[in-house]
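As structure tokens, here come the structures.
In the two complexes below, chain A is the common chain; its partner is chain B in one and chain C in the other.
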Partner chain A sequence: MLVNLISGDRPRSAILTVLLLGVLVCLAFAPFLFPGVRALDTAATICVFILLVASYDLLLGYTGIVSFAHTMFFGFGAYGVALASIHMERGWDALFVGTLAGALAAAVVAFVIGLFSLRVRAIFFAMITLAVASAVAVLVSQLFQLTGGEDGLTYQIPRELTPAFRLGEVFGVRINGRILNYYLVFFTCLALFLVLLRIVNSPFGSVLEAIRENDFRAEAIGYRVVAYRTAASCLSAAMAALAGSLYAIWLRYVGPDTTLSFEIMLDVLLMVVIGGMGTMYGAVLGAVIFVLAQNYLQNLMGAGAGLTADLPLIPQLLDPNRWLMWLGILFILSVYFFPTGIVGRLRSRK
Partner chain B sequence: MSAAPDHTPTFARLSLADRLSLSAPYLLVPALVAIGFLVIGAPSSWLTLTVSGLAMGMMIFIMASGLTLVFGLMDIINFGHGAFISLGAFMGVSVLFWLSSWTGAPSLVLNVAAVLLAILAAMVFTGAIGWAFERVIVRPVYGSHLKQILITVGGLIVLEQAIHVVWGAEEIYLNRPEALRGSITFGNSALERYRILAVVIGLAIFVAMRLVLRRTKIGLIVRAGVQNGEMVEALGYRLKLVFIGVFIAGSALAGLGGVMWALYEQVITAGMGESMMILIFIVVIIGGLGSIEGAFIGAILVGLLQNYVAFLEPKVALISNIGLMTAILLWRPQGMMPVVKAK
Partner chain C sequence: MTQILLETVDLSVRFGGHMAVDRVSCAFRAGELTAIVGPNGAGKTTYFNLISGQIPAARGKVRLKGEDVTRLGVAERCRRGLGRAFQLTNLFPALSVLENVRLVMQARQRKGFSLFSMASTHLDVTNAALAVLERVRLDGLRDQPVSELSHGNQRKLEVAMLIALDPVVFMFDEPTAGMSVDEAPVVLDLIAELKRETDRTILLVEHKMDVIRTLADRIIVLHNGALAADGEPAAVIASDVVQEAYMGKEIENV
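Then we have the complex of A and B:
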């Protein structure tokens, strides 16, 4: 039963199993284990990013194509929910319509980009997605009447999902709409993650891996490489849009910085590579480590900069704003030395 | 015994249709200029826009040329190219600040000398960094596109952050040298002096690059290497060495483009290279990966179109380049002048 649920894709490493179960338990009981607004916020962000990174891994790790438009699709979902919530009446159907419209738009755009770029060379895809994503980011900040521009949009979600909705107390923790909202995010992410696991362990997923290893040979066996690549790209875009919708429901705010910026794209790349390309479990570990680091490591770096304030250059290097540099170095080193990421490392130890 | 039959090869003349299809990309530029003239109507603003479009195109070409050659020669795509643009801009601007007595003087000779010195310093600097970048970042991942993209993106992040560490996180504003400010009037239209200088430098570099590629032995090896690297190596040339040279030259050109772009925009940020990369990729794609002439025409088309559309309909300007790319890829999926690979 349990093995069926994870589509027979066992972690294949004792340490990995323990880590994954730990993450699952921590996220499932986050409101009770880690009280506080910031902790719950971190937990929800982790859930959303696990889904986002897993959907990106479908493209990068399984199919072997690099896209820089993944945050654009993430943004489609988020803005879909935001716009629907603003222009429709406050209620569940607005969320539903927005989510669906975002996912559909993402799939259609991914299909069109795929038609143009995947036909010729896979490397075109990386460049064209970068160009399209930046154009969309600029467009969103230009069309501020519709999208709120750089300020973004705030909107109302159903009352049942806001802190104002109270239900009572369980284990000394007050259950309110915020916690219901968290569980909506958590269970949707879990379900979609299991769907992704199902996809990559299906015959379709095996074809994708064959294409990654040798597209020429895959074509020769009789699989239409372009069709499979385009399908993977559409699927992954739709999943990213769903993750974006969940993030928008959680934050009750969308803006270019939280959904569309190139920085988030880099974060997602780092998460996939650090966790391990080509395994869905890598997405889990990568997202958890990265989001925790993002939220708590900067404090540590600030303390380090304070301690070394008298030395030359070191305080500038340890400045909390420079943490992206250390991640970049980590990124380069991990591509060199751990191309299989944490999961690959854990699995190869016997 | 009868004489051997005549085997002199005869070259069939290309048909008109073939020649048209070969030169079609070149014809696009005058076509676009003519359409611009018709749509804009006023000749004076048309001339101003055309000159600034050409200036922009030249600068983009300078930055893009290194990238496309590196790709053509070694099949390496360098996403970190943008960092060299930023590095060049910061280095050049530092030199310009250092030479402020020259740039402040109202003498054209001293001003241009200061700009040239800044360009030289930037080129040496980015060339050296390019060499180190090739050694440390790119060398270990020859042959794997996926890893190249990932690792050069990592290099881009690190170099950009290093700029923050050295020069601070704030954007730096600068003034153009005295004699390059303002504009000259030609007929009714105002032509900015600096843009004319940019067109001159850009043309000079394009001509120099073409001469090197077409008339020298090293250019012959580079062109042959783009078409069939293995064969060139089999003939005894060390293509790796040539490639490193091209990589360094490409990085130095990116630095040059960075200085010129800094003087054009009059403000520099560490992220400027990254945002330029988007235009550069569009240019490289529509030109055909690996083709210098294609990149040149692509850059001019992008520059002109951006300026015309920005004048007519400012909001559309941002996506006009994507539209151009889509149209050209529909027409020629490999880009305007794809490099014929004999592999």
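Then we have the complex of A and C:
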């Protein structure tokens, strides 16, 4: 049953199993384990990014396609929810329609991009996605009457998902709509992650891996490589859009910085690489480590600087403003020591 | 007369100023093993590439069981029964031996677009793949990544993948290339076994004359891309064309 749920894709490493279970428990009980608005916000962001990174890994790690349009699809989902919530009445149907429209738009755009570029070489696909993503980012900032431009959009979501909705207390924690909203995000991400895990372990997933390994031979044994690459690209785009919708429901705000920016694209790329390409579990670890570092590295460094205030040089190095430098060092070290990612490293030790 | 399974009509392609394959017209019949010989650069592999579709033909036609497949892509031709094993080993290196053959079986059963079932639950696919591995005696190595196999075993797997495909036309491109003296007969025995059992047609590019003499029903000779001889093995081997081609002399009047 449990093995079936994870599609027979066992972690194949004791440490990895412990880490994954730890992440699962922490996220499942986040509202009770980590009190505070900021902690819950971090937990929800982790959930969304796990899904986003896993959907990107379907392309990069499993199919061997580099795309720079993944945050664009993320944005499609987010803006879908935002626009539907603004232009329809506040309610669940607006969320539903916005989510569906976003995912559909993402799949259609991915299909068109794939049709034009996946026939040719992989590098061409990367360039096209870069161009389309840049064009969309410019469009969103220019069409401010519709998209709110650089300011983004705020909107109302059903009252049941907002802090104003109160349900009572459990274990001394006040249950409000915010916590319901968190569980909506958590369980949807968990379910979609399991769907992705199933897809990569399906016959379809095995063809994607074959294409990554040797597309020439995959074609020669009867798989139409273009069709498979396009399908993978559409699926991955739709999943990214769903992650975007969840993020929009959680934040009650969308803007270029939270969903479309190229910085997020790079973050996603780093999360896949740090976690381990071609393993869905890598997405989990990559996203957890990266989002935690983004949110708490500055605090940690501040504390470190305070503790070492009397020593020379070290407090300057630990200055919270230098957190990006440390993130960079962390990344270089992880790529150097774990070229196959954390999951690859854990699985290779016997 | 037995049925013609594969036919090329005036098949040609040019690389720059050089006719790599020059108006080759040839029919291949059911149950027949045809050896294709010729010096290096004669166009044997290019001829294969034109048949299986890796290179589009500039002129001429490829007909499979009477149907024109010249305009079809590689995957579609393969699905219709043009199976090919490659001269330079061309496998899925990071995947296991079993997974390589399983992928072929899965393609044959058209299950590639099954998204929500686990690949491991399609036992029919896995068992059929295992049966092929047993046949080529690679079942002991089923879980090894292909990149860790010896060259000889990789060649065997190359042959196993073509057998797994169970095509109408088997195309072997120098199946024993680079194999040791002990290993080569294993692969040749497999092809001989295939020939006994099947009513398909087998095309074999091979250099070793002793191999060809024992296996082939017919030999065609390519020289500078053109068909230089075609006939019974004994007659073709004895002919001036082959004697001179393999002695490295210039052929005149072809």
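Going forward, the second predicted complex is superposed on the first by the 311 of 350 C-alpha atoms of A that agree within 3 Å, B and C clash if a C-alpha of one lies under 4 Å from a C-alpha of the other, contacts with A are read in each partner's own complex, and residues count from 1 in each chain.
In this text, a residue touches a chain if its C-beta (ideal position, glycine included) is under 8 Å from a C-beta of that chain, and two chains touch if they have at least 3 such contacts.
This is a predicted model, so every value here is computed, not measured.
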Of the partners chain B and chain C, which touch A:Arg224 in the superposed model: first, second, both, neither? second
Give one of first, second, both or neither to describe whether A:Met127 is in contact with chain B, with chain C, with both, or with none. first
Which partner does A:Asn321 reach: the first (chain B), the second (chain C), both, or neither? first
Would you check which partner chain A:Leu19 touches, where first means chain B only, second means chain C only, and both and neither mean what they say? neither
Which partner does A:Val66 contact after superposing on A: first (chain B), second (chain C), both, neither? first
Between chain B (first) and chain C (second), which does A:Ala82 come into contact with in this model arrangement: first, second, both, or neither? neither
If you tally the residues of chain A touched by each partner, is the higher count for chain B or for chain C? B
Who does A:Leu266 touch here: chain B (first), chain C (second), both, or neither? first
Doubly contacted residues of chain A, that is, touched by chain B and again by chain C: none
In their complex, what parts of chain B are in touch with chain A? 77, 79, 137, 140-141, 145-147, 149-151, 153-158, 161-162, 164-165, 169, 274-275, 277-278, 281-282, 284-285, 289, 315, 318-319, 321-322, 325-326, 329-330, 333-334
Hey, which residues of chain C end up touching chain A in the complex? 52, 54, 73-76, 78-79, 84, 86, 90-95, 99, 102-104, 106-108, 111-120, 122, 125, 161, 165
For the complex, which residues does chain A have touching chain B? 60, 64, 66, 116-117, 119-124, 126-128, 130-132, 134-135, 138-139, 142-143, 262, 266, 269, 273, 313, 316-317, 319, 321-322, 324-325, 327-329, 331-332, 335-336, 339
Footprint of chain C on chain A - complex, ascending: 4, 7-8, 195, 198-199, 201-207, 209-210, 213-214, 216-225, 228, 231
